Every structure is written in C-alpha cells, then in structure tokens.
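Structure below; questions to follow.
Which chain is which? They are A, B, C, D and E, in the order written, and residues in each are numbered from 1.
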Amino acid sequence: MSATPLLELRGIDKSFGPVQVLRDVALSAYPGEVTALVGDNGAGKSTLVKCISGIYPTDRGEFFFDGRPITIHSPRDAATHGIEVVYQDLALCDNLDIVQNMFLGRERRRGVVLDEPTMEQMAAETLAGLSVRTVKSLRQHVSSLSGGQRQTVAIAKAVLWNSKLVILDEPTAALGVAQTAQVLELVRRLADNGLSVILISHNMNDVFAVSDRIAALYLGRMVAQVKTTDITHAQVVELITAGRSGSLGLDVDPQNGQTGTDPVETDPGAVR
Amino acid sequence: MSATPLLELRGIDKSFGPVQVLRDVALSAYPGEVTALVGDNGAGKSTLVKCISGIYPTDRGEFFFDGRPITIHSPRDAATHGIEVVYQDLALCDNLDIVQNMFLGRERRRGVVLDEPTMEQMAAETLAGLSVRTVKSLRQHVSSLSGGQRQTVAIAKAVLWNSKLVILDEPTAALGVAQTAQVLELVRRLADNGLSVILISHNMNDVFAVSDRIAALYLGRMVAQVKTTDITHAQVVELITAGRSGSLGLDVDPQNGQTGTDPVETDPGAVR
Amino acid sequence: GNDSGDKGGDSKKTPKIGVILPDSKSSPRWETADRKYLEAAFKAAGVQYDIQNANNDKTQFTTIADQMITNGVTALMIVNLDSGTGKAVLDKAKSQGVATIDYDRLTLGGSAQYYVSFDNVQVGKLQGEGLVKCLTDQGIKNPVVAELNGSPTDNNATLFKQGYDSVLQPKFDAKEYVKGPDQSIPDWDPATAGTTFEQMMTQTGGKINGVLAANDSLGNAAISILKKNKLNGKVPVTGQDAGAQGLQNVLAGDQCMTVYKAIKLEADAAADLAISLAKGEKKDTGQTVKDPEGNRDVPSVLLTPKAITKENVKDVVADGYVTKEELCKGSFAELCTKAGIS
Amino acid sequence: MTTTAVREEGPAAVTPAPTVGSHVRNYWSRVRGGDLGSLPAVLGLIVLCAVFTTVRPVFFSERNFANLFTQGAAVTVIAMGLVFVLLLGEIDLSAGFASGVCAAILANVATVLGLPWYVAALAAIGTGVLIGFVLGFLVAKVGIPSFVVTLAGFLAFQGVVLLLMKEGTNISIEDDVLVAIENGKIPPAIGWLICALAVAGYAAVQLLRYRNRVRRGLVADPIAVVVARIAVLALVLGIAVYVLNRERSINALITSDKGMPIVVPVIAVLLVFWTFVLQRTTYGRHLYAVGGNREAARRAGIPVDRIRISAFVICSGMAAVGGIVAASQARSVDPNTGGSNVLLYAVGAAVIGGTSLFGGKGRVIDAVLGGAVVAVIINGMGLLNYSSGVKYIVTGVVLLLAAGVDALSRRRAAATGAR
Amino acid sequence: MTTTAVREEGPAAVTPAPTVGSHVRNYWSRVRGGDLGSLPAVLGLIVLCAVFTTVRPVFFSERNFANLFTQGAAVTVIAMGLVFVLLLGEIDLSAGFASGVCAAILANVATVLGLPWYVAALAAIGTGVLIGFVLGFLVAKVGIPSFVVTLAGFLAFQGVVLLLMKEGTNISIEDDVLVAIENGKIPPAIGWLICALAVAGYAAVQLLRYRNRVRRGLVADPIAVVVARIAVLALVLGIAVYVLNRERSINALITSDKGMPIVVPVIAVLLVFWTFVLQRTTYGRHLYAVGGNREAARRAGIPVDRIRISAFVICSGMAAVGGIVAASQARSVDPNTGGSNVLLYAVGAAVIGGTSLFGGKGRVIDAVLGGAVVAVIINGMGLLNYSSGVKYIVTGVVLLLAAGVDALSRRRAAATGAR
C-alpha cells in the first residue's frame, strides 16, 4: 500500500509490574481504512489501545503520526492529535447525565456560560442516528441506563468530534441487533470519509463485514497484520487461538527469540 | 408442555420513579430447558433479572417456584431457592482476587479458618473448563483483568454451585471465539443436567444454537414466549425491534390497554 | 552505648530543670509570661533547663515528662492538666529520684515537694466582689446576673466559680440579686461564648444587668454582643488575665474589672525553689496548703491576685506585664493618658 | 425492519412537552421514588424549629431569627468552600484553622498595622488562597492522601495562629467596616430594593431560559410552573425581608435594631455566585466529572490535577472569608478562632445538606441548608439552660434527629432502586 | 483448533513453582512497579527516627524505645478498631470520645464502686460494644451517613463523659492490674519465652501451609523464602526483646527498670487476632467484599447490614480497650480522656499505614505501623525544646514528611498503571 499510515507503532513493550502484557508490538492504521484488531481474551488489545491514547505509559516503543514521531503522555495529548477512543470499560461519569457525558471535556459555551440547549440538540441528533429509541430523557443520569444504552452514549461521545483516528474497543458488545448494524454502518462511513478507524471485536462476521485490514494479537505479540481480503475466517480464528495459521503468525522455530516484530502487511506469505 | 415451570412470573410491574420499565410481564422457565430472553437495548431484560434475583423489589406481580408462590426480598432469598445469576454489570469486588471473588458468600472453611487451597484448586479447575488461558495467577486482583477475563470469572462464579436455575445476562458479550463456544456448551450442559437456564443475548446465532424457548421483551412488555423451533430468525428480530411479527407480539388494535399479559407459550398462533 | 549507672551519676552532678506548661489557648500567660520569666530566672542562675508545652494534650503531657526524665532533669516543675495525669508523672519522677514542684495547680493526692501558686478561689472572689461593686456603683436594683464559666473540664474553672459563687450566692439567696443564665464554655472558646451569651440575652429578653465572665476572652465575647445592642458600658462585665485586650476594655469602660496575677512573682518564686531543689538543697517556705486527697500539708508559696479597675490599670503597665505600646494603640492613647499611664 | 413505534407511550429520545398536570404528577412520583432534592433538609429544619419553638417560644421571634443568620454565617461560609473539596471525594480537615490563620492575618494587618479594611481582607483571602494552593499541590501532585495533608495542616495552622497571635494574646477588631459585616444592618428600604432586584433577576433568567428552549423545540417546563417558581421565591424572600425589617431591639429607646444583617446579602451573593460556577460553567462541570469518575474525566482530557488544586484553593479561600466573618462576629481574634468544633460543624453542615463524602454529589445550597440546621441547633441549645454535659448530649441527639428525618425520607430512594 | 501454546513463557492459569531467584526477581519488579505493601510506612518510620536521632541523640536509647511503646499504645489500639470501619468506607468520629466514655465507666466501676479490675474492664468493653451497636444500627438500618451519626456521637459522648465524671472532676485509677497494663514490665526471662513461642508459632503456621500447598500441587513460595521469612521475624523480635530487657533506669540503685512493657504483648495479641480475623475467616473476607463493592457483596448473599453493624461494634469495642490503656497510662480518667487529638491521630495512623478512606483496602498492621509513626512524632517532638506554636507547626511538617516518603515511593504504582 502506497499511503503512509496515519498512525504507526513500532516495538511497543508494556509491563504491569512483573507481568509483561505487550511485547514488541507493531501496528499501522491507514486513513480511509478500518483496521480490525483481534485477539483472544487477555491478548492485550485493550492495553494496546490505552497505550495509544496515553492512559498507560509504554515501557519502550515509538509512535508515528502522519509519518512524524510523536509522544503521547496523556489522553489530552491524544485528543490534540485527533485521536478519539471508545474504551471497553466505557469511562462515563455516573453522576452526570447523557448530554453532560457526551460533551465532557469539550463543552459548548456562550461566553463563560455553558450552552445547554445547543448541546442537548446535538446530542439528540447523534443518538437518533444510532437507533436509540428507549432513552426516556437526555437529562437522565447515565447510572440509570441499560448496558446497551451506556455503550451507545460512549460511542456517540467519540464520534461527535472531528477526529482523524477513531479507536473502538468492542463497541457493539452490549448492543442489540439494530444498534449493532447502525454502529457498523457508522464505522464504515467514518472510514469512507477519510478517517482512520481501529475496531476491536470478537465477532468475526462484523470484522469481515467492515474491516479493510486485520491485525491479530496473540499473548501480547502482534502475530499478523494482513488485508482482510487475503485471509479467511478460519485462519483468523486460528491466529487468535493458537498464534499461527499456516505460514502466518508466530515462528514455529523457537530459536528466534523475537517473533512478530516485523509482520509484513500486505503479503501474508512474507511473515516469518 | 406438560412439566410445571420451575420459575413462573405473573404480572410483574416495575417503575423507577416516574419511569415504568416493566409492564405486566409474565415469564416461565422450565427445568432441563434453556429459555432465551431477547429484547432491544433498554427493553427491560436486566431489570427483569434483577427483580427475579431480589435486587429490585417489584411494584406488583407474583412469583412461583416449583409451582409454589414465593417472595424474594434479597439476593440471599434467591440463593436459598437455588437461583444463581451472572449479572450484566458483573458485580465483582475489585479489591479481591479471582479465587476470593469466585467463592464470595460461599467460602469453604475448615473449622473457622478459610480453606484456601481447596478453593484455589476448585477455581483453577472451573476456569480451565472455560478456556481461560491468559490469566497469570489466580491470586490476581480482578481489577487487573481484561474485560473478557472478568466476564469469565463472573460466569465461573455462578456455575460453581449446585443451583436449580441459572440466569445469564449477556454472558458472552466480551468473550473471545473459543470462550464463547465453551460458555454456550456449558449452558447446554447445565440444561441437559436438568437445570433451568435463562440466557439473555443479543446474538441470534447463539440464541438459536442453544435455546429451547425464546421470550421477547419489547419496551417493558413480554410480547411473545415461543418454542425456538416454532419461530424464525427474522421473526425474532422483528419482535425485538417492532414488538410484533405477523400474528405474534403486540396487538395492533390499541383499544386493548393491556397486551402481552398472557403470551401463550407453545403455540405462536395463540398469541393475540 | 551509655551505661545507665553513669547517667544516674551524671545527673546528680549537673542540675537541670524541666518545666511542663499546660497549654497555650486557655490563657496567653503560659507562653507569653511564664516561659519568659522562668527562662530569665534560670539563665540568671546559670542552670540548664527545658521548658515544654503539652498543648492541652494529656498524652503529650506524660510523654514530655517521660522524655524529660530520660534527658536527666533533676527537678521537674509541672502545671498539671488534671490531677490524675499529674499524679502519675509526679510518682514516676519521684521513683526516679527527681525532685518535683506543682506550679500554679495543686496535684491532688500527688507527691510534689512544693506548691507555688496564686489562690484561684481568691481570684474568683475578687471577680465576684468586683462585679458587686460595679453593680452598686451603677445603682442597679435587683440586677440579673449571668455567669459565663470556664471550661467544664478545667479544674481551675471550678475553683474560680467556687470563689465568685461564694460572693454571689448569698446575694441570690437574699433576693438582692436575681440569678440569670449560668453556662460553662467548653475549651474557653470565645466564639462559643459569644453565641451562648447572645442566646442568654434572647432568652431573657435582654434583661441581663451584670456578667460574671471567668476570663477576659469570655468577657470580650460578651462585650461584643453588648456592643451590638449598644449596651456596652451599661452592663458590667468581669474578667481575669489583664492582657492588653482586657485592659483596653477596662479603660474603655466596657469591662468593669479584671484580675491581675503578677506572674513574674510566681515564676520567680517557683524558679527559686526549683533551682535549689535541682542543686539538691532544701528551702523553707514557711507556709503550707492542705491536700485534701493526699491528706498531707504541702509546703507552699501562695501569691495574692490583684483586682484591676480603671484606676489601677497603670500598675499592670508599671509591672511590665503589658507594654504601653501594646495597650495605648490608636484610640486608646487618650484613655491611657486619662488613666495616668505614661 | 419496521421501526414504527407501536404505542405512543413508547419512550423516545425526546419526550413531548410536559403539561402542568404531568409536571406535578412527575414531581410527585419523583418524590415518592425518593428523588427529593432539598426537601429532606428543609423538612429536618422545620421539625427542629417546631421542637425548639415548643420548648422555648422565644425561639420563634424576630430577634432570634436575625441571630440565626449572624450565628450560622461563619460555619455556612466555610461549609460552602468545603463542598468543592467534598465534591472531589477529598476532605479538608484544616479548613477551620485555615480560617483562624486568615483571621489572624486580618487582625494583624487591620489592628496591629492599622491598614485599611480592604488591605486586611485581601491579605486574609490571599493567605487562604496560598494555603489552598499548597494543600492542593501536596494532594494532587505529590500524591499524599488529603486526609493526611490536611491533618498536618490542622496541626501546623494551630501553631501558625499561635505565633501570629504572639503565643496566645487576643487582638480586637476595631475597623468599622469589618465589624459591620456581622453587626451592621441594611436599612429597611434598601432591603426591600435588594429583594425586588433578586426576584426580578431570577425571573429574567428563568423566563429567558424558557423562551430559548421553547424556540429551539427542546423540552421545557410549562410556563405556569416557571411562574410558580418565581412566585415562591418572591414569597419566601418577601417574608424573610419583612421579618428582618421589623423592630427587634431589646430596648428600642436605646437603639433601634431593624433591617437585615449585612451578612445575609453577603451569603446570598456567595451562594448565587458559586452555584453559577458549579452549574453553569465548564469548570463546575469538570469538577463534578472529576468527583464522579476521576479516570473518566482524565480520559475526557480534563486537567484533573489542576481541578483538584483549584478545589482546595476555593475551599481555603472561602475558609478565609469565613474567618473574616468570624472575626467580625467576635470583634476579636483569638488563638481559638476556627478551632473547637468549627470544622466538624462545617463538614457536618455540608453532609447534612446532602453532599456526599465520596464525591460527585453536592451543591452549594446544601451547605447553606445544612448550615441553617447547625445554626438552629446551636441557637436553640443556647436557649436551653442545661449543664455542659447534658447540653453536649442533647446537641448530639438533636443533630441525629435532623439527620434522621432526612435519612428516613430518603430511604425510599434506596427501596425503589434509585442509586 | 490448535490450542498448543507456542512458547512456554506463554501465561497459563497456574504458573510453574517459583524458585528463590524468580521470587526475588518478582518481588523486585513488584516493588519497582509500585506494589510495596508495608515498605513505605516502614521507610517513613526509618526516616523519622533518623531525623530525631540526629537532632537529639537521646532519642535512640533503650529508655526511649520502651517509652515509644507505652506512649503510642492507646492511639494504636483505637486505630486498629478504626481500620474495620474504614475498610467499609465509613468513618467513626466518635471513637475518641467513645474511648473516653468507656474509660469513665472503668474508673467509676473500679475506683468509685471499688469492684475488681475484670468487672470494670468488662463493663468498659461492654459499653463500647453497646455504643458500636447503636452507631452501626443508625448507619446501616436507619441509613444516616456515618459521618453525621458519629459526629452526633462525638458531641453526645463528650457530654456523657462529663456527666460520668460529675461535670469535671477526675478519678484516679488505683487498681494494680489496670495500672500495670501501661506501667508494668514483664520479667526478662518470660519476655524471652514469649518471643520464642511467637517465633515457633509463626514457623509452624508457615511450614504447615507450605506443606499443605505443595502436597496439593499449588503454587507455593520456595522453602528457602519461607525459612528466610521466619528468620527475619525471629531476628526482629529478638532484637526488640533484647533491647527492652536491658536496664533503662536512670538510677538503677533506686529502682530497676527492665523488661518489655506489658502493653507490648497486649498489642501483639490484638494484632495477631484481628489479622487472623481479617485474613483467614469468612467474616473478614466479607468485610473486604462489602468495602470493595457493597452491591456485589449484597448480590453474593452477604448480610451487608450485619457486617456494617459489626464493624462499628468492633471499632467501638477496640476504642474501649484503647480507653482502658489510656486510663492505665494516665493512672486517671478525666473529662478530656479520648479528647483533643486522639481521634485524628488514630484515623491518621490508619491512613498513614495505608488504609484507604474509600473502603476495601487496609490491614491491622497498617494501624500498628501508622501508630508507630504517630508515636515517634509525639515522642520526638517531646524531646525538642520548642514553644507551643512552633511545636504545632513542626509536628504538622513532620507528619507531612512521613506521609510524603510514603506517597513518593508509591507514586510509581500510579505511573505504571497499577490501580
């Protein structure tokens, strides 16, 4: 692929005390594309996302944004670069209502005063676009929302802004059939508008439906990063559960201590 | 069906302040069967589960267990009747480790002393049966677990006990491919062992794969309760999103104020 | 690695005096006067000393005592926070061969060699008599007298009350005076006293003709409420301590009297005894006080407090207890001249 | 897929405009559901007043009504500041003595140095801000738990007050302006004017907001409800001003004593100002967010540390104002200013009003209502001629009573599952 | 699907048995990762001791070492009880004065009524339990926030003490047994015996546990580590007993003063007992669960209300024990017993040790370590010749210093993402 990646990570390591969670991970996300990040439970997907968004500092590794090296120390830094994230552990303020949560950190103002009517209108429009029909009032505290409603609020919050990279960590886990369809459609639309999207999901149907590229994590290593059209459903499942599938994935030969450092992106055959 | 339901609810109403969430809901769960409870986001599924397990008091309605009327005032009461629940909002104690969470409220003792080795062994076995391979240590605090790992712990906690009715509220939402398969298999196995299982899920494939019976909630009303073999995928989706599908579901005639009070269970055609 | 035997020997050779003061909030005297005068006396005599304040905390009090004994004082002078702790400290000191003095407050059942103090009951009596005089001077018939007592947990407050009640109670009994509200002020807290007095006024419909306040801070609290009602000067208020604020109130005519305790005399007397004890000498005071609990006569030096009214404010300044600069600030300069303070 | 709603009662993202009837019904079911707002605190207050009036009828007099304001002012002001710290789930044990330190600065500047009142007040508030900054820095940047930091402050500031007061002497406050805060009154006519302006301002804000929302097609309370709200405010303020404007002097010949104490509008302005900050500005929103879920706030890009420091700054700054009020009330500053039970009463006031110690929940009006409860208790107890011991016990029991009314009326909230 | 692990470093549900090397490496990376256990408190303690020793060498003497124990005992005992309440995220402001009430009961029964010491002690502890029950009931069943309930208790109990002490007098404790708690010493030989028994008991428990786990095939620390742990305990206890058994009388001819103060084994027994309850019993487990997530605990069928009441009972019961110790230390009870800074010091001790005010995190040893920090501060300050004001300030600063060491060493925890 000719385009430079919007975001490129190289050699990311991350440990929590004695537990090493990410080992030498590389990942690229291209503008106008949906990159699906897959992996088993506990593979390190969410940790990787939190490293990108500045919640966790990395132990080692480089970040490139639009080809330039950057450092991200906090979620504020990530936001300035135009990175928006929907976290798996939604991160909503239970004591605030839906509108307040959706505009948290980016409140609209008129002078020094919060512009509540505008925010309420914008929130209503965004939610309507996500098939939310059971929310009684936008002034309801999010603590009283159902699991799916909370997730929708979190998604709506992230797509409200003009960002360049949107990362969604299992955004449809708690969603109903219609809402899931809407979110997948939204993901596709974002990419088609030129944004770069990273989507984490355990649902292979969804992954194959919307993604352009699949990156597979296995026990904290990036075992493959391939085009969706170059891989089959069964191969991805094998990569997730065993770390390798045919010529893809981890090296069978254990003498090479560092594997997955250099997954070639377009040609699956090129991966060691 | 000839057997008496293990659990039968009739005419359940539940409001939160001015918001009525459940209206005149009826539900039956039979021993040896998996009842799938489906419904849109915010339909009231989780609320219904919490009413059954005694977390919320109901405003109105009757409970029958094994044909006898019962009242459930607290989760303790539910537990004495042999009802085990996996909640959507997992309800784990973040400050305790995996083993401690799994045995919470039912600790094994020798004399007055906690029997940690036994508990640790049992926990390890149960988790192994659920395809958990990425947990570093059973003595890890659950706060440091990934989303899927937390969900597995919650499921393992519920199936560890000899119960008669197991309710699982979206148990596979955060699980990987292999883990989901294991949990669905477990659900089937529990039912085959004579337990009654209520499974909430948004995934129609899973619902059709394991359930014997499907109950659909729509905006807090029970719109249908039918055998899985008597209904199609598309019909269920229509029930969920529109509350009716052909002759099934809500009455089209709005003059009848109370609908869904009497969903007939075996024959879909009999529902008004 | 110091051998304990050596330490014992050392301490016998070098006289060293430890002083434990009780707190710094019930009255300014401890830190502003006692410490100053004691230090001066010890320095003059060339003995080592260690003066500490327990900040109204019993744990600290016993801790400090322990530490002083650890540090090898040969004479210990305490102002107890209560008799129980005081007794424990004195007994411990005695068991370690340290000489002891009760300063200002007698430890009931204690074992101190000397007792140096003002007569606290006498202080109360002066307050009672002072109030009676002011009421008579103002010519108020059948006055309602309110009492603002000191902290209920302070034994001295009890002694003061004993003193002024011995004057006032007969008047109440004889129906000459009318007993008004009578409240204790926890921690001697002026803010609490202010609210309490305001409510006394509310409760009695403002019919309070005299206030027996146990010290100047409480008196000032009452005066601020009287000022609010423009009754200051019309209702006599008492006090004690003769600090700058109290004396200013007296000069302004808002407070009818205060009680001055010549702390320098007390401190000098105590220091004198302590120095001789520390050197292992004995002195005869020629006076004793009966300890009712311990049932023994404690050799004592008792000093007499002095009532201060507008007329003799100058005596306090002359003593150097309050400086003229402090007292005669701003609007008080004129009053000072009138009172003959130069 | 058909997405037509089958019944129109089906909830939608935007509900239809409510009518007066539905509004009342809604309010009622909210109350029955346990969502009571300020109601329980007000209820507790009424019960307390009723009890004290029964025992001592003089409690219910114009004179005592005015006393209530002046006596409760200092604790209320400190409690207002504490709300900010409590909103973050932190605590400030040093607020009482911080007010003492600031009062001591005030006294030294105004009386000892003889500088004008505004210099003294600014110095005091500046000291408060500085204290708050240091505390906040230690909590947010160094990471010491606020309980420990402010416990250290509690100890150290006692010492600072002592040193500033030359180890224990008292300093009188002579400045007329400073003394007037708690002792001056506003002439009745001006009192009425202020009252009228306040009602007019409130009405303007409410009506503008109503028009704005209706024009945008957003859900708005029915106009009748809006008008009713304005009327209630006018009524309450009117009665208060009327009572405060009545003669309450013990002896009207000596001095006339009528008009609202100056401290009343001071508290009102602080209340309005801080309520505005909390409810209508970005800063307030962020404060709630950090208190509700610090991690979520951080992820939303809110500068969490700065917010935390600022809360301590506001708290200590308000403590400084409280110290000035206390100094004005006592016309004197002593080493105990801000000591004894001031801190516990202030935190108690905030908590009784409904502020949570776990953060994320609380309003400035809570502090005022809770402060009123505390003031009523102190005031009422002062009318009862109990001995010290009994007084303490009765005070405790009465406090429990007031909080009990609150707790019992809120219990339904838990029973109906509201969190 | 193939499920063979590709590399053996791949994590598994049960990790292989660690070796001594891996254990040490693990510990080290845990420490670097910010998971420090008691280390920061111990570090703070060492820094404090070093500072005081430099300023006043006498701080580091046998005599002072013994003083430390007797001086810190009462606060430590009360802090131990507070840990239970703090574990639930509640607070008990009344613990100080509750200890005062119980001490007053003790004094009245023992001295005024002249009954034997055990009757007096039982009466005191019984009173504590009753107080705790009432507080817990009001919090758990009536639903008043614990801050308000115990603030009411704080006020009311002050009054109760005053009444029990007949409005201000004090009562001496004459009973030999009661006085001995803080003032008696254990003969050196028996001290050594107790020490030996403690080490043997610990070794037995550790080794049995090791054998049990190994037999079941569970992960166990390597035997060398277990033995090392036992050796460290033996060493620490041995040194302590040795120092306490040295002669520390100023004049050994007048009176001999050696042996560990009786209060030392008393605290040790309480520490072991409550640690056992918290770590090894169902009750303790449930306490942590309720503190960590009350809703999850309720859903697990734990009787939450009963647990909450019991925590208050334990807290007030331990406050009663603390009151007895304080009475023994002072040989008297007065209306201020349990007052002044006792409560804040006790909560501070628990918090400095590492107990969270938000619940779910804390151990009894925290209270002991924090109590030691507080005792060292009080003790060290007693050796410095400062005026009252300066002393307050220095105390505050020193407290901050101790907590700062703790905070800074824990900061890595946050930096590496550990929660």
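Assorted remarks:
Criterion: a contact is a pair of C-beta atoms (placed from the backbone, for glycine too) under 8 Å apart; a residue touches a chain by one contact, two chains touch by 3 or more.
Remember, predicted model here, so these are calculated numbers, not experimental data.
The chain pair C-E and the chain pair B-E differ in C-beta contact count, and the higher one is C-E. Using CA-based centroids throughout, the chain positioned farthest away from chain A is C.
Centre-to-centre spacing of chain A and chain B amounts to 29 Å, using the average Cα coordinate of each chain. Chain centres here are Cα averages; for chain A and chain D they lie 44 Å apart. Chain centres here are Cα means. That of chain C falls 39 Å from that of chain D. Work out the mean CA point of chain B and of chain C, and you get 75 Å between them. The multi-chain contact residues of chain E, meaning those touching 2 or more other chains, are 1, 3, 10-11, 158, 162, 167, 341, 387-389, 391-392, 418. In chain A, 16, 19, 42, 55, 132-136, 144, 178, 219, 237, 241 are the positions where the chain touches two or more neighbouring chains simultaneously. Multi-chain contact residues of chain C, defined as those touching 2 or more other chains: 24, 30-31, 152, 186.
Chain contact summary for the complex, chain A toward chain D: residues 53, 55, 74-76, 79, 85, 87, 91-96, 100, 104-107, 109, 112-114, 117, 120-121, 124, 127-128, 131-138, 143-144, 178.
Partner chain B is touched in their complex by these residues of chain A: 16, 19, 39-43, 45-47, 88-89, 132-136, 144-149, 152, 170, 173-180, 202-204, 219, 237, 240-241. In the complex of the two chains, the chain D residues touching chain E come out as 89, 91, 93, 138, 142-145, 147-149, 151-163, 167-168, 341, 344, 347-348, 351-352, 357-358, 387-397, 399-400, 403-404, 406-408, 410-411, 414.
Of all residues in chain D, those touching chain A in their complex are 1, 3, 5, 10-15, 212-213, 216, 218-219, 280-282, 285-286, 288-289, 291-293, 295-303, 360-361, 418-419.
Those residues of chain D that touch chain C in the shared complex are 56, 58, 61, 63-64, 67, 71, 74, 111-112, 114, 162, 165-172, 174, 183, 249-251, 254-255, 257, 326, 329-332, 334-337, 339-340, 342, 378-379, 381-383, 385, 387-389, 391-392.
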